[in-house]
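Some structures are shown below for you to check.
Across the two complexes that follow, subunit A remains constant while its partner is subunit B and subsequently subunit C.
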Partner chain A sequence: MRRNLRALTPYVYLVPSLVLLGAFTYYPILRSLYVSFFDWNLFSPRPVYAGLANYRYLLQDPTFHLVLRNTLVYVAVTIPVTMALALITAVLLNERLGWLRDVYRVAAFYPTMVPMAAAGMLWVLLLNPSIGLVNHYLGYLGVRRIDWLYDMNWALPAIMLASVWKNYGYFMLIYLAGLQNIPSSLYEAADIEGAGFWHKLRYVTLPLVAPTTVFVFVVAIISSFQVFDLVYVMTQGGPGDRTNVLVYFIYQYAFRFGDWGMASALTVLFVAGLLVVILLVMRMVERRVHYEV
Partner chain B sequence: MWRLSPSPTRPWPVVLLVVLIGLVAAQPVFAQQLVRLTFYYPVGVSGPLARVINEMVDQFNAEHPNIEVVAVYTGDYDPTMQKVQTAVMGGNPPDIAVVEISEFPTLLAMDAIIPLDEYLAQEDPSYFNDFFPAFWENSRYDGKIWAIPFQRSTPVLYWNKEAFAEVGLDPDRPPRTWDELAEYAALLTKREGGQVTRWGVTISGGWNDWLFEGFVRQNGGKLIDFENRSLHLNSPEAVEALEFWVKLTQQMQVAPPHSTWASTPADFVAGKTAMLYHSTGILTFLKDSATFDFGVAFMPGKKSYGAAVGGGNFFIFKNIPKERQDAAWTFIRWMTTAERAAQWSIASGYIATRQSSYEYPQMQAYVARHPEYLVARDQLQYAYGKAMSPAFQRVREVLKRALDDATAGRMTPRQALDGAQRQLEMQLRQWLQGN
Partner chain C sequence: MRSRTPTPSQLLQRLGLNKLLIHLILMMVAGVTAMPYLFALSTSLKHRTEVFTPVPQWIPSSLRFANYADAMAIAPFGTYFINTVIVVLGILAVQLVTATLAGYVFARLRFRGSSLLFGLFLIQMMLPVHAVIVPNYLTIKELGLLDTRVAMMMPFWASGYATFLLRQAFRQIPQDFEDAALIDGCSGPRFLWSVLIPLAKPTIIAFSLISIVTHWNDFLWPLIVTDSPQVRTLTIGLAMFVQQESGADWPLLMAGTILVTAPLMVLFLIYQRKFVESFMHAGVKG
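Up next is the complex of A and B:
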């Protein structure tokens, strides 16, 4: 009897988080899955069972294809750029630079503290084709006027630019913590062996921040697949859907088009896709990373 | 003498208690007398129009002690519709809302609004007949009237007179046909080192679907037939209209391929474009901001002049108590007197919705000084009801995408419009098939 109670104890502790996760994560996921099999929109205000019709529609919808491509391009470009920038800055700012170091650290981290919507508005102004600072300075370099957010080719890169600026500071902070966990004895040993900056970076630093890199990578994947705010504030998916990304597309279906069935089908595809990607990544890196020093 | 310590003989605590209970008990009585209404309103164009609405609402509340209207600013038209949609689906609709006129079939499909014939029957017929007839076209369904015109517009062409004079054009003669528009735009476009510093003409983005509808009307076509439930996005008239846009943006490069609704009025004021297609609702903003002389003209014609009316209408919602619907009508009736329509027109540049508004001395004095306020009204004789369908937000998205693709040179006008037609036939199939 007593033993049984003991066995129950951990579950009692888990109750609060299970309730919250259940109510706000697991239940909505299952519910989306359920609703995704229904026609539930402005034309049929009461859900009508439709089988896989929503999914079939999406698979042949050119807008969905475009949205998918935008999202993948966004993810494929912003993640490596943000991570590389974060790592480089972290390594540099881990060196002894005196008081300048703190100044730079604050400067690099600052964008992370700006609210996303404010950051978006800021970039809308910076990127304004006629009065924006970006074009102004590019002009000195002889670069032709770029229409940024109004140009089908440049709108997505412009949002990626804003996103890198906004996010790399946070990853830099995580990298800095990772770097400071590397025992100084390893660098002393490397010094004795006569290793220079590059060798230390290649053979000590990089392998030992690998666990941090995995963490940063996974967080970056999740957050970049979820990009929404910048799109909402800067372009509303335009011009011509060239900056429309998955989460924004879901939002459009749910709240603008009032099509809950389709929005649910999209959500299911989104969650499933993200899970697969994360599992692949975890499996891929698991064997290659040393977690212990 | 009062003592400081509590005494059972002291009456004050008891009196206080009785008063308090009385106040609490009386509360529902006050509450019953005061009907509180939630009013969602958008501001579709730049300018301090939210303030004007709030002043009008305050005045209404002061004059009607039994009604309190709470005005809720809900962003521009698209966010307003989203908020209405969410509120209705959540079972907590607003009492009154001004919604973009093409959303009317969507509100019908959601079973969200009530017909207003019963209220109109209480009014003198002169009330109904005084509105410009074109404004009623987006209010009719099933032989009933469901919406009252409020902030109504047609798109117009603004032209910078100084720029016209600079390139040797008659500053008082705007282009009247598509051909003239193209010819003038070519003259007015300024280039420095291969870069455009001033566009000849800008067809504002964001609501370019609405402007495009005007071009199609000028060419004798029609995008959506609401009565007969059919789509004509790729009709020869529409394709030809889009070919003209592509000619301006790609072949001649005298118009920017893309822009936004909010930014182009500022571009015009800053002299970055010599001519501008936009709503008449920005007229007051332009007048207050431009440092040069400018004119307002009908949109140039092709087969004829033509425009689709635009703007927002008043709706009263379903599933709220009758007394609130009645109070909502009182408010709408008050907001749409001829005098207030005149006042609103002067404040914004929107067309006064009622013909007799233009007889008010204040209005007459105003338009005598600023005849450009009459252009959009006079254009009404060539104006039609705006294209509408259920789920119009999708139509807008798909059509805008086709327009953007074509003006960017990514697709031919025919490809773009064929694609849009196909996509919408799929998305609206339930409505098109008569469900």
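Up next is the complex of A and C:
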């Protein structure tokens, strides 16, 4: 009897977590899948089975195509830029720089403490076409006035700018931790060989921070596909849906148009897409980089 | 070596210019990064009309702290602040309990199905809550919990990330400790409470800080499950304040923005090292 109870202990301890995970992570996915097969919106307040109609509609919807494009452009531009800036800053900060090092580190990292929504507000001011700092300083470089958030072509880059500013400090810190794990004997050996800054960077630093790069990359993918707060605060998806992104699109369908069926179909496509991307990245990486979990 | 002509970087190094160059680059990066917040701070202290100068002014002609009082009079930032503290701590408290139990089980006990179950926790790390807001909203609605503080906390109570971090921390504690404790008659829950948890304190602190920062900054989920200012948090309060004040009273808007960011920012500046260490610690090992 006692033995049997003992054997149950692990499961008992896991109950709270598993119930919550089930209720708010796994059940929601299944539920979205189910609801996505129904017409359930303001015109059809009771769910009516509709097969693949929601998916079929989305696949030929030009707005959805634009939203996908915006999201992919945002991801494809912000991730490399943010990671490169983070790595460069981290490599430079890893040198002996005295007390100024703390100052630089605080200055680069503090945006992590600023809520995305507040960060959006800061950039709405900075990017204001007439009174903002950005246009003013660009003016010195001979750049003509840009209407940023009101311009079809500049609104998305404006949001990407805010995003890089907000995120690179966090990745920089993770890189710094990775750099500090590199044994200094390797650098000493490189010094004896007469390797300069660039050689050490290329043949010691970069290969040895590869596991950190993988980690940062995966975190960046997960977080950048979810961009929402900046869009909500800075542009509400405009002008002309040019900054509308996946999560904002889901939000619109559910909470502005009251279309639960369509919002669920989008949720399913989003979750499935994200998982496929992450699995592909892991696959690709596993062959090249050896890292410990 | 000595006879070779030095490469440009070696030349720089010899002249001590390398360090100078690094300082210059970092100063630029740090300066540009600091600018948005500093400019908002400066704007928040200006007079309403002072913003519209042809050349942006960094130093206000006089410091108008009244803007902060005005912002607080328009929106209940005090209530938002208290709600945020309740929600953030409510999330953290439950997370620590669920993740400690689960982390302990995965780190120290052997049982059937452990790797499959652990997989469920790992996959959660890749499935962000933002992906499933719609079905979760429906769940919260059916539970009758819309527009409550609990609704803002529930989806975060189980954390795959916390479980993973604590499992790592508990695993690093040598088996000898457990054997010794067993001889003293300390096993199971008591061993967890009086040996493992105290030894995992750095990880617990690191995770706590990250959780606090993350949920202090939450936006989308609190936005959709709440309606009334009585339960709303700071970030939502700010967005509502901005929509309400859509005129061009920039100093007022920036005073609101600074108010919302100030609590964490002050904490961060005071405990800068602790924050930095925690984010580094949990980042690499996570």
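Convention: the second predicted complex is superposed on the first by the 279 of 293 C-alpha atoms of A that agree within 3 Å, B and C clash if a C-alpha of one lies under 4 Å from a C-alpha of the other, contacts with A are read in each partner's own complex, and residues count from 1 in each chain.
Keep this in mind: contacts are C-beta pairs under 8 Å (C-beta built on N, C-alpha and C of every residue); 3 or more make two chains touch, one makes a residue touch a chain.
Worth saying up front: this structure is predicted, and the values here are computed from it rather than measured.
On the shared subunit subunit A, the superposed partners subunit B and subunit C are arranged side by side without overlap. Touch counts on subunit A: comparing subunit C and subunit B, the chain ahead is C.
Superposition on the shared chain A places subunit B and subunit C such that, viewed from the Cα centre of subunit A, they span 80 degrees in steps of 10.
In the superposition on chain A, contact of A:Pro239 is made with subunit B only, not with subunit C. Contact with neither subunit B nor subunit C is seen for A:Asn70 once the two complexes are overlaid on the shared chain. Legend: residue contacts after superposition of the two complexes on their common chain; A:Asn167 is shown touching neither subunit B nor subunit C.
Touch criterion met: A:Pro62 reaches subunit B, while subunit C stays clear of it. After overlaying the two complexes on the shared chain, residue contacts for A:Phe255 are found with subunit B and with subunit C alike.
In the superposition on chain A, contact of A:Asp147 is made with subunit B only, not with subunit C.
Once the two complexes are overlaid on the shared chain, A:Thr212 sits against subunit C while remaining clear of subunit B. Within the superposed three-chain model, A:Thr78 lies out of touch with both subunit B and subunit C [touch as defined at top]. By the document's definition of touching, neither partner reaches A:Ser224: not subunit B, not subunit C. For the pair subunit B and subunit C, the minimum alpha-carbon spacing after aligning on chain A is 5 Å.
Touched by subunit B in one complex and by subunit C in the other are residues 130, 255 of subunit A. Residue ranges on subunit C touching subunit A, taken from their complex, read 1, 7, 9-10, 13, 18-19, 22-23, 25-27, 29-31, 33-37, 39-40, 43, 51-53, 55-56, 97-99, 101-102, 104-105, 109, 111, 114, 117, 120-121, 124, 126-139, 154-155, 157-158, 160, 163, 188, 213, 216-217, 219-220, 223-224, 234-236, 238-239, 242, 250, 253-254, 256-257, 260-261, 264-265, 268-269, 272, 275-276, 279-281, 283-284, 286.
Only residues 7, 9-11, 13-14, 16-21, 23-29, 31-32, 35, 85, 89, 92-93, 95, 97, 100, 102-119, 121-123, 125-126, 130-133, 136, 165, 169-170, 173-174, 176-178, 181, 194, 196-198, 212, 215, 218, 222-223, 225-226, 228-229, 232-233, 247, 250-251, 254-255, 260, 263-264, 267, 270-271, 274-275, 278 of subunit A touch subunit C when the two sit together in their complex. Listed in rising order, the residues of subunit B touching subunit A in the complex are 78, 81-82, 85-86, 89, 106, 109-111, 194-195, 205, 256-260, 263, 267, 270, 272, 390-391, 393-394, 397-398, 400-401, 404-405, 408, 410, 419, 423, 426, 430-431, 435. On the side of subunit A, the complex with subunit B involves touching residues 41-45, 57, 61-63, 128, 130, 144-145, 147, 150-152, 238-241, 252, 255-259.
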